[in-house]
Every structure is written in structure tokens, then in C-alpha cells.
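Here you go, one structure.
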Amino acid sequence: METSAILILAIPLLMFLFLGLAGKYLTHKWAGILGTMGMGITMCLAYTVAFEYFFSGNQFFIDEAGNRLQHVVFNHDWLNFYDKLSIRIGFLLDPISAMMLVVITTISFMVHLYSNGYMRDHHGVWETGFQRFYAFLSLFSFSMLGLVVATNIFQMYIFWELVGASSYLLIGFYYTKHSAVSASKKAFIVTRFADLGFLIGILVLSFYVGFYGEGNITDAFTFTSLTSVPVDGIADTYHVSEGTAQMIRGLFENSAAPMFMGASVLTWALVLIFMGGMGKSAMMPLHIWLPDAMEGPTPVSALIHAATMVVAGVYLVARLFPLYLMQPTALDIITVVGAVTALYAAMVACTQIDIKRVLAFSTISQIAFMMVSLGVTRIDHSTALGHEVHEGLGYMASMFHLFTHAMFKALLFLGAGALIHAIGSNDYTAMHGLRKYMPVTHLTFLIGCLAIAGIIPFAGFFSKDEILTACFGHSTVWAIWMAAVAGLTAFYMFRLYFLIFWWKEHKVHEGHHAPHDQPWTMTLPLVILAAISIVAGFVPFGSLVTWNGHPITGDGFLTNLENLNWGVASLSLIIAIIGILVAMVMYKKENAIPERMHNALPNLWRWCHHRFYWDELYQFITHRIIFGLVCRPIAWFDRHIIDGTMDAFAAVTNKASFAIRGFQSGNVHMYVWIYLIGAVLLAAVTMICVL
Amino acid sequence: MLFDNILIYFVLIPLVMLGGVALSRNIKQIRAVAVIGSTALIALSVYLIYQWLNPTPEAAELAAAHDGMYHYASWKWFSAQGLNINLTVGVDGVSIAMLLLSSIILFTGSFASWTIAQPKAFFLWLILLSTGVFGFFITIDLFTMFMFYEVALIPMYLLIGVWGSGNKNYSAMKLTLMLMGGSAFLMLGLIGIYYHSSADGQYTWNLLEIANNNAISTGWQYFLFPMTFVGFGVLGAMFPFHTWSPDGHASAPTAVSMLHAGVLMKLGGYGCFRVAMYLMPQAANDLAWIFLILTGISVVYGAFSACVQTDLKYINAYSSVSHCGLVLFAILMINTTAMTGAIMQMLSHGLMTALFFALIGMIYGRTHTRDITKMGGLMKIMPYLAVCYVIAGMASLGLPGLSGFVAEMTIFVGSFQQGMADYLAGGGSLRLVFTIIACCSIVITAVYILRVVGKLLFGPVQDKHHLELTDATWWERLSTATLIVCVAAIGCFPNFFENLIRGTFDPEIFRAIAMNF
Amino acid sequence: MESLGSIITYVVIALAIIVFSILAVTTRKILRAATYLLFALFATAAVYFKLDYEFLGGVQIAVYAGGIVVLVVFAILLTTHPGSNSERLASRSRRLGLLAGLAALAVGAYSLITRCELLASAPAMSNPDMDTIGTALLGSGHNQYLLPFEAVSVLLLACIIGGVVVARKR
Amino acid sequence: MEINALYYLIPSLIMFACGVYGFITRRNMIAMLISLELMLNSVDMNFVVFNRFLFPGQMEGMFFTLFAIAIAAAETALAIAIIVNVYRANNDIDVRDICKMKF
């Protein structure tokens, strides 16, 4: 087990170093094969580990009562601050990390495979920097795997930063393009800003825990000491416990300063940590980097900006979830942020032209679903439309949606990549009516759209249904809000689908090839992911991934179907179908309805199309305020006031010496005179004073 | 015996190198002397670390008798008219780290000035400068410390004035005068310390004895602490005495920039800690707030200034102001973790800024401009240098796995602990507030680093002539690769270095101050 | 009471000193000025003889009169165009010079007058013999002058070298 | 008539005043040098006189004069070397022409 765990992290890292250092001595083909094989091995290992975790029944992983446990596979000191604070690098295996291992390695492998075909043009000429691309992919996979298996919050922060950096490198892969460079810069800086909040949150949390914690708090960074209790008699194994979280809350409440600006310090800490999550998961108002990040190669968007990195924020909240449960205020904040973001992103997605932008906003909206789902989770019993809601359902739903979303969103992105590869443009205006030319892409894309729209039996239906149930269990207002967003989701996805594959016949320009389906390296991932998107909904998540390891449903193949809250399910199905129908009416055949809609609500359309001018606002803040009113004045102040003062000292000295140098005229007689006068005066003074 | 002590060789080797360079007849011999000498110095410092990790019982006993100073030895030099000047040497983890840093930078600096004009004179001055640096780090006697300090400063004037570029006379003069101004404060402070070093009239320059006598009255500490702190702080680029740094670095030749930003600026931080804080802990504690404000300003101020510069060296100089501000800031926290972080930051900043200056020098040597608006797309033209630049940038903005992250996180964790502890104990929230302000620098750093990387390395090629430029030569590759390996080594195995350093900040040292962590 | 011969000698010497000094600074021919200087130096040597410092008088004649004046004369011959007189002094500058000279005179005279009680007559003293002088000059004990002697010798050497270096043709 | 120290000091003083006058009024460097010698000589004489009248039997004043003479010789030699050099450069030894050594 430990060997596999180490290899899961080591193979991508070594692959990065090897491809990065020796890549240019390899042929493109071999670099691609090596990278893909490395990732394939990692994927197999991850599958083994996850399978062992979920199904082996080993006492490290599951106790007699059927509760899933947290197991620390290894944990090495990396940096000791002092006795209660040290950063360790380790490998924590629990339901969510095992699930994430599967997600990341699967998507990553698909993307590795897919890129072999995608990163070439139609004549089979490789992109320049192909080896570099694979090196970066490996680096990203390494960082993301390190992030999800983190045993402590600082390890998570470390890999969090690495993930950000590899995202920067991948977005800026086409470094000669201005837009790619500035998009990568924007992504890095926005997430960096969010990480500042994350860091301060970590510092606050760890300080209180380390300062006031006694006894079993041996390390204030470690997740297991923040949220779990050790299982008696089994080394390195822990059980998630509400008691520990309550104890931590107690530490804060009994401290010398439990409140800060009207909220408890623990809330502050958790909200600041969530801020880090907001940055990575592109929640409003830190979402602006994600649409621009689509400047990167499309496989990168599929891997990083749809399936893995952007859910890191959700994963972070889930990781510390017992603590969040202790502070409903923090959860409410998460809910509000998530709900607003979901609606916003869905509205914007309805008006975008660039297909990757549509998918990007769709991603933002879907991640917001996960956030809301976490935010509405409480452990008290509640009902939704007359049915009882399982305790901690929202958490499970969020993770479930994370899993399914990763699969179908990666599918959609890779499908979009295939389209872009075939057409050479990101705009749907250049596509239209492609269904006959690219049948495989068409079919897989349709499956993706159905999944995201939430049509039974595709994956998205089940997870979204669980989310809505959790929302109903918490608050009807949010539930209806989220249901409306789900309807919008169906609408904009099918708008996209119809505009790409229907609308009107595709015009093939003279001298160009007709668009066609792609080589097998690209098709295979599409087909696999489509298959997963169809069946993933039947994974019995309720028995595998829950917030405290206690299963809430059975583990049969049809469990999800049996446990369906049909009230909510029918509501969400109806809404989704309405959304699809509206999209069909408007976009299936070329017609004037969209134009009329657009003219009927010009302002709304304009605002949505311009993403509610968030970019302009940020542009204003950064360029006018930060650069214009802070940086430039400071630089001016430094050059003119501070430096000016120093120069003024020098100038005064200089002037003074120029002024007195006239005495040194070089005229010997003058010297004599001065000397004589001085001597006589001195003699006179001596005589007068002494005598 | 003088030559029994290993530390003396840190001064002797550079002196032998001076002789060797003076006798050299062509550039090959000069290079050979520089490379062999600096390799020997690296070997010596590595051996020192080895000895520090596995001390013989006698060595450990000797160290235990001298406040943890290894290889302690003292030779009388001049003793008359009430002046007890000794050459006293001794090293602890911090000095060893600094010695290692200096020897690495000297080694890489020699490669970076492979093709300098008038190599003989250049290397003579450069090695003289490093003699001063090494001497400063091995001595624990105020007088000899000051002497070596001056030896390290003066050659800078000639090195910049003769081999510099741009407005070099102005810059050299400014740098020298401002640093000399700092020295004036420093000398006053040191003499003041000497005359209060002992209660019974047996004055001493020896740091350990002064600390043990603990005879400087609080009133005098209030006077002498600012003197010494500002004196060293000028070299540590403390706001508002930092303005020599942008001009000086901009004009200095590559190796000098490397050595100056990489090592000499560390003399400031090291001196602040070793002299000002160590000898006058009471004043350090009471007056820390003034300097915390100043250094806290340095941190963000330097970073903000760097955001709008267009000259590569100015950007890096302001970035140094920011990073070195963080060093002094952390030292003033008077907390083991933060101070460990400060020394880590010195190591880290020394290596990565040397790397930066080396790369800037190499780029400038090819494009003949340092204006980022006139360059672009260098990644395509000189991929090796560009990749190194990106790595240096990543280290600077604190990417995990490289040294900057480790140092900054140690500082932030330590400062935050101290700040919160102060706050909870009712000691005011100044430390806390400034810690959070300092944390903001990680964002601003990202802004200016990415701005440079984006403009300089990425994007389309700006100037057609640049397309004909070549990538790095083997000596440039060796120089940068060494630095990158060191940066990554610190970043990947921080515990080794932190353990080396942490022992020095035993709370025992700061008897007068209640240390929380 | 001095002997008459002594008084006469004194008067002659004093007059020589005063007259030749004044002439040396007032004559317009530079060579003459050097000659008058020579005479003033001789007169000074006479004073030394009269005050029983015969060795010193000898040195004065040998070094000053014999060495320095000869040097000066050579310099004059090297640097002066034959027959040229120095220009006539402007009355302003002469007046200023006079003023300065008189000021020096006044200050000196005032201090002399106010210290009249110091000015005793010459006590009896034997002329220091060469043994004494030699021992004092080359001994290193108390009141002996080896170190300044050596210093002066080094200085003279430096002067010789300096003179050669400065004056030689490039 | 008692010839006391004053009798020797007054000629010496006059000699000194003459030196001062000459040094100020003369433009020719050699003439200035001559004036300088006069002043120096007068001072030498004073040493000897004070020695003889106030501290008979001791030799400090005499030795002082002795060394002063030696140093004067050295100084003169050097001064003349400089003058000759200046003459070579300027073809003149007027002191007003060598004011380039200022600043």
C-alpha cells in the first residue's frame, strides 16, 4: 500500500523532471507515449488503491460498524516550525481522497491520451513544445494528487500553490500569444490573492489550535487532529468525529479573543480558508480568471479548468467539513456565494459565443452547485417535499456531483476540443450543422449535454437531484433558486449543442477539408468518458463517500434509483426538459427568435454578454487604482521624495564646498596674507587673554 | 595556534587567491585561480557543516563553553590605551549558513564574470570584497567585524565605478556614500557598545563577553540600538535608507550585483541580528515597533515600486528591498521561528537574487538593453536563460519546492504566532497587523514577477535583431544551474537548513526577553 | 659690564643684520638680494660665535652661507634673464607689505617689551666642545638626538631624490 | 653697558619683519625664498639667544637650530628644484602665474 502511495506521487513527478530536462532530446512521439504510459501506470495504481480502500474491508479502512475510516499511509516531516507546528508530507486515504484519486488519474490519463492527437495539426505536425506540454501535464497531475492526499492543511497549501503554478504554465502554453500570456497571469494573480486569504486563515486556525490545544492536539496543521479521533488499537487510522470539531470550537470560544469584528474567530478563519477555495473554484467575485483561462490548449481546460483543479475549493471545504459544520455562519456564506455564482454564471453562459467560454461558465455554475450543496448541509434531520433527507446528504451530493461533473465536463471539453481542432476556431458561428461531419463527436457531446442537463439516467441527473434534495431539506428558497439555475443549465447547454450541430447546414469553404472525426487517440477518450457519463450516476455514493464515513444508503447498483426523492426528481426533470425544449425551439433551425429575444431585453443581454462587466471592474481596480493610485505614486515618491532627500543632502554638501572653495584661490600671496592676519590675530588674542 | 583553526582559512584562501590573481599572466590563469579558490571555499563550508553536524567531543565542549560558538579562538592583536582588540573567531549555524551562501555566490559570480574586461583588476577587487565578507561572518569581535565590513564595502565603489554601466559614477558614489553614512552610525554605536561593554572597566569588543556581561544600561541601549540597527539596516536596504540599492544595482556589473545583493545585503541583516539584537535585547524589544513599522513598509513599498519599473535591474532591486525588508522584519519579531525564517530568507534571497542578477546580466550582455518594453519573446530566442528566469521568478514569488516559499512561510508562521501572542497578551496588535500587511507582499510579488516574465519572455519577439542572439554558453549554464540546484535544495529539504539555523535562536540567547515560542 | 671690544663687535653685527636684511628685501636686482642675504647670514653666524656657539656658527656658514646661498645663486642664474630687474613695486603693495612687516614688528616688540624681566645678561658659559656635541648628537639617551639626526638624514636623502626627480628633464 | 638678550632679539625681530615685508611684496619666487630664509634665520637666532641667556649650559636651543638649518637646506633645495621646473614650464618664475594649483 505504501509503495503504491509513494509511486502515485512519484511517477508524475519523475515524469515531469524527465520530460522537462530531457524532453528536447526525445522525439515528440516518444515524449507523448512516455507521458501517457506514466499516467496510465499512475491511474492503475490509483485504481488499485481506491479499490482496496473501498472494497477490501481491511480494518484500516472500515470498522465493524461499516464506517469508513481515515488512514494515514505515510507522513514524513518536511519542515518543523516548532513542537506543535510542523509541515509534513504524507498520504491520507479516506473516502474523498480515494474518490479524487480516481477522478484525477482518470481524467488526466484521458487528457494525456487525447493530447497525442490534439497537439498536432491536420498534417500530423506536432505543436512546438509538445514535450514541454507533457512535462507540465505531469507536473499538474503530481500537484493535484499531492493536494488531494494531503494529511495536513499546509501540505494542501503547498500543493495548492503548485497546482496554481502548473495551471499558469499550461494556460500560458502558447506563450507567443498575448491573450494567453495575460490570461495565465490573471489566473495566477487572482488565485494568489485568494491564497492570501487561505494563508491567513491557516495561520489563524493553526495558531488557536496550537496555542490553546492540549493533549491530543499534537500538530495544529494536521487534518486528523482537527477533525478526527484515532481509532483505538489501529495505528495511523482515524475516525471523523464531531466531538473533535466541537473541541476545536471550544478552543476558540475559550480563548482570550474569541470574537473579531462581530463574528467568531473560527468563522473568520473558516471564511478566509474558503476564500482560498473561492479563488481556485472560481466563485464570484474571484471567478474572472476561469473564462480567460480557456486560452490554454483545450485538453488543459478539460483537465484543469473543468474536472480537477477548479474543484479543489470544494474539496478544501469538504476536507475541513466537520469544522464548517460547527460554524453555520460560514456555511451560510458558502451557500450565498455559491447560489449567486451559480445563477450569475448560468446567465452569462446563455450569451457567450465562444464555446469554451460557455463551458467555462457552465463549470463555474456547476461548481457553485457543489458549494451550495456543501453550504446547505446540516446534520439535523429535515425533510424535503415530504421525504426525509439523510443526515449529511448535501456533503455526499456535493462529492457525487464533483465526481460526475468531472466526467461529463471533461467529456464536453474534449468534445469541444475535437470541434476546435476540426474547425480551427472557438466560435460556434464558424460551426453550425456539424452533426453529419462528426458523428462520434456529435453523439458523445450530446451525451455530455444530457448528463449536465440532468436527464435520467445520465450521471448528472442523480447528483443534481441529490443536491436539490439537500437544498429542499435546508431552505425552500435556495432550492427553488437552484432548480431555476438547473433549468438554465439545460437551456444553455442545449443552446450550445444546437448551435454547433444544427441551426443551419455547414458551409465548407473552398480549398478547405470538410471537418471530420478525429484520430483514435482523441476518439477513444471521448467514448470512454461518454460511457462513464452514462453509468456514473449509478455509483452508490451514499455508501462510499459521506462526511463522517457512516454510510447513508445501501451499496447496490440501483441504490440511487431506489433512494430517489421522486418529488424533487420529477421537478428537476421537468425543469430540465423545459430548458431543453426552449433551446430546441430557439436554436434547432435557423430562425429569428434569438434575435427577437435579444432585442426584447437588450440591456440584460448586453450585461450578460459582457459578464456583468466584472472584467472591466477588475481592470479598473488593478490598473487605475492599484497601478495608478498606489504603485506609480509610490514609485514616484521613491524616486523623487526619498531619493530626492538623499540627493538633496549630496547637493547641499556639494554647493557648500563649491561656495567655500574660492578661498583656495591658488594665489600664494593671498595665503600669506590670510596666514599673517591669522597669526597676528592669534598672537593678539593670546596676549590679551593670557597676559 | 592561528593555523589550527579552520575558520582562519576562510580569510586565508581569498588572500592566497588575491596573490594568485596578482601573479596571473592571462585571463585563463585568473579564471583558474578564481574557480579553484571559490571551489575550495565551498568545500570548506561544506566541511564546516559536516563538522557542525558531527562534532567531536572536544569541539562540542569548546562550543558549549562559548555560547554554542564552534571553533572558537581568540588572538590578541592590539592591546594598549584601553583598547582590547582581538581577532576572535567562532561560528554557529547562522554563520555557517552565511559562509556557505557566500562561497556559492562567489563561485557562481566567477563564472558570471568569465569574459569581463580588465579581468585582473576586477578579480582582485572582487576577491578583496569577498575577503571582507568571509571575515565578517567568521569573527565575533566587534572591532574586526567592523574592519572586515569596511573591507567589503570599499571595493564596491571601484567595481561599480570602473566596470559598471549606465550612470555609474553617480550610482557608485551614491552607494558608497550612503553605506559609509550607515557605517558612521555603526561606528558610533560600536564604540558606544565598547565603552559600556563591562561594568568593571575591563572593556571588550568580544560579542560573547559583552552579551555575558550584560552591562549596557537600558538608557544606553535606547541610544545604541538605533545606531547599530540603522547602521546595518542601511546595508539591509531598510526603508527609507534603501535608495542606493536600485541605482547601485542597476549600474553594477553582473558579478558585483550578484555578490552585493546576494551576500553584502545579508551583512546588514546578519549584523542587525548579531550585534544590535543580540547585545541589546532590551532595547530591541522596546524599540522594535519603530523598526517593525519601517521594515513592514519596506516589504510592501518595495513590492509596489517594483510593479511599475521597466528596467530589469530596478525591478530586481526593488524586489530585494521588499525581500530584505522581510528579513529585518522577521528578525524584529524576536521569535525563534520568525528569526529562523529570517535567516532562511537571507539564504533564499541571496541565492535567487544572485540568480536573477546573473540572468539579467546575461540577457543584457546579449540584447544590450534592460528595458522590458523593448524586449519580448525571449523564450523563443534563448530558452535556457528564459526557463532559468522563470524558475528564479517562481522562487521569488514563493513557489513551493523552491527556497522562497520555505523562507516566507517560516517567517509568516513565526510572525503570526508572535503577533497573535502579543495581541492576546494585551501587547497591542502592531505585530499582527504588520504581519498581515507583509503577507500581502506575496500577491504583489506575484504581480511584478509575472509582469516581467510576461513582457520579457513571453509574447511575440519585439526586436528583429534579437532573433540572431544565442543561448547561454557553458559557463553561464554552470553558474545558473548551480544556483538553481541550491534554490531547489533549500526548497525541497528545508528541515536540514532550518535545523542548522534554529539552534542559534535558543531562547537562552535572549535572556532579557520572554520568548513565547 | 661688557668690554668695549665686545660692545663694538655687537654694534657692528647688529647693524650688519639690520642693514643687510633691509637691503635684501628692497633691492630690485635679484642677484644682489642673494648677496645681501649672504651677508645677513654671515652676521648671524657672527652672533653665534659671539654667543660661544662656535660649532653652530661653523655650521651656519658652511650650510647656509656656503650651501644654500650658492644654490640660490645658481637658481637665479638659471632662471633670470641677464640684466633684468624686477618690476617696480606698486605703492599699494609696498604699503601693504610695510603694514604687514610693521605689524609683525609691533607684535614681536610688544611681547619683548612686556617680558623685559626675562632678559637677563649673559651668564658665563663655556663653549660646548665637539665631544659633547658629538655625544649628544649621536646618543640615544636622555637629551640626546640620535632619532632626529637620523630623521633629518632621511629627510635630506628624500630631498636630494625629490630635487633630482623634480628638476630633471623629462 | 650690559648687552642682554634684548639686544640680540631686536635685530632678529627686524630681520623677521624684513622677511615678512619681502615675502609679501616680492613676486619673484626666488626673492620670496630669500625672504623666507631671512625669517627662518631670525627664528634660529632667537632659539640660540634664548638658550644662551636663559638656559646656559644646556644645548636644546642649539640643537634645534642645528636641525632647523638642516631642514632649511633641504627645503631650499626642493624649493629651488620646483622653481627651476616652474621656470621650464612657464619661462618665468612669477608667483602669480602658478595659481593653477587651486581647488
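Every chain is named by a letter (A, B, C and D) in the order it is written, and numbering of its residues begins at 1.
Criterion: a contact is a pair of C-beta atoms (placed from the backbone, for glycine too) under 8 Å apart; a residue touches a chain by one contact, two chains touch by 3 or more.
The structure displayed is predicted, hence computed values, not measured ones.
*Asks:* Give the chain pair, either A-B or A-C, that is connected by more C-beta contacts.
*Replies:* Looking at A-C and A-B side by side, A-B shows more C-beta contacts.
*Asks:* Using mean Cα positions, find the chain sitting nearest the overall protein centre.
*Replies:* Central chain is B.
*Asks:* Return the distance between the CA-based centres of chain B and chain D, expressed in whole Å.
*Replies:* Chain centroid spacing, chain B to chain D, equals 59 Å.
*Asks:* Quick check: how many Å separate the C-alpha centres of chain B and chain C?
*Replies:* Here chain B and chain C have centroids separated by 64 Å.
*Asks:* So what's the Cα centroid distance for chain A and chain C, whole Å?
*Replies:* 100
*Asks:* Report the inter-centroid distance (CA atoms only) between chain A and chain B in whole Å.
*Replies:* The mean C-alpha positions of chain A and chain B differ by 37 Å.
*Asks:* By the touch rule stated above, which residues of chain C touch at least two different other chains?
*Replies:* In chain C, residues 100, 104 touch at least two other chains, as defined above.
*Asks:* When you check chain A against every other chain, which residues touch at least two of them?
*Replies:* 673, 676
*Asks:* All pairs of touching chains?
*Replies:* A-B, A-C, A-D, C-D
*Asks:* Considering only the defined contacts, which chain A positions touch chain B in the complex?
*Replies:* Within the complex, chain A contacts chain B at residues 77-82, 85, 87, 154, 158-159, 161-162, 165, 168, 172, 175-178, 181-182, 184-185, 188-189, 192-193, 195-196, 199-200, 203-204, 206-207, 210-211, 255-257, 626-627, 630-632, 634-635, 638, 642-643, 645-646, 650.
*Asks:* Quick check: in the complex, which residue numbers of chain B touch chain A?
*Replies:* 174, 177-178, 239-240, 242-244, 247, 301, 304-305, 307-309, 336-337, 377, 379-380, 394, 397-401, 405-406, 409-410, 412-414, 416-417, 420-421, 423-425, 436, 439-440, 442-443, 446-447, 450-451, 454, 457-460, 494-495, 498-499, 517
*Asks:* With touch defined as at the start, can you tell me which chain C residues reach chain D in the complex?
*Replies:* Chain C residues touching chain D: 1-2, 6-7, 10, 13-14, 17-18, 21-22, 24-26, 30, 33-34, 37, 40-41, 44, 47-48, 51-53, 55-56, 59-60, 63-64, 67-68, 71-72, 74-76, 78-80, 86-87, 89, 93-94, 96-98, 100-102, 104-105, 108-109, 112, 116, 118-125, 128, 132-133, 136-137, 143, 145, 148-149, 152, 155-156, 158-160, 162-164, 166-167, 169.
*Asks:* Once bound in the complex, which stretches of chain C touch chain A?
*Replies:* Residue positions touching the partner: 100, 103-104, 107, 110-111, 114.
*Asks:* How about chain A: which of its residues touch chain D in the complex?
*Replies:* 661, 664-669, 672-673, 676
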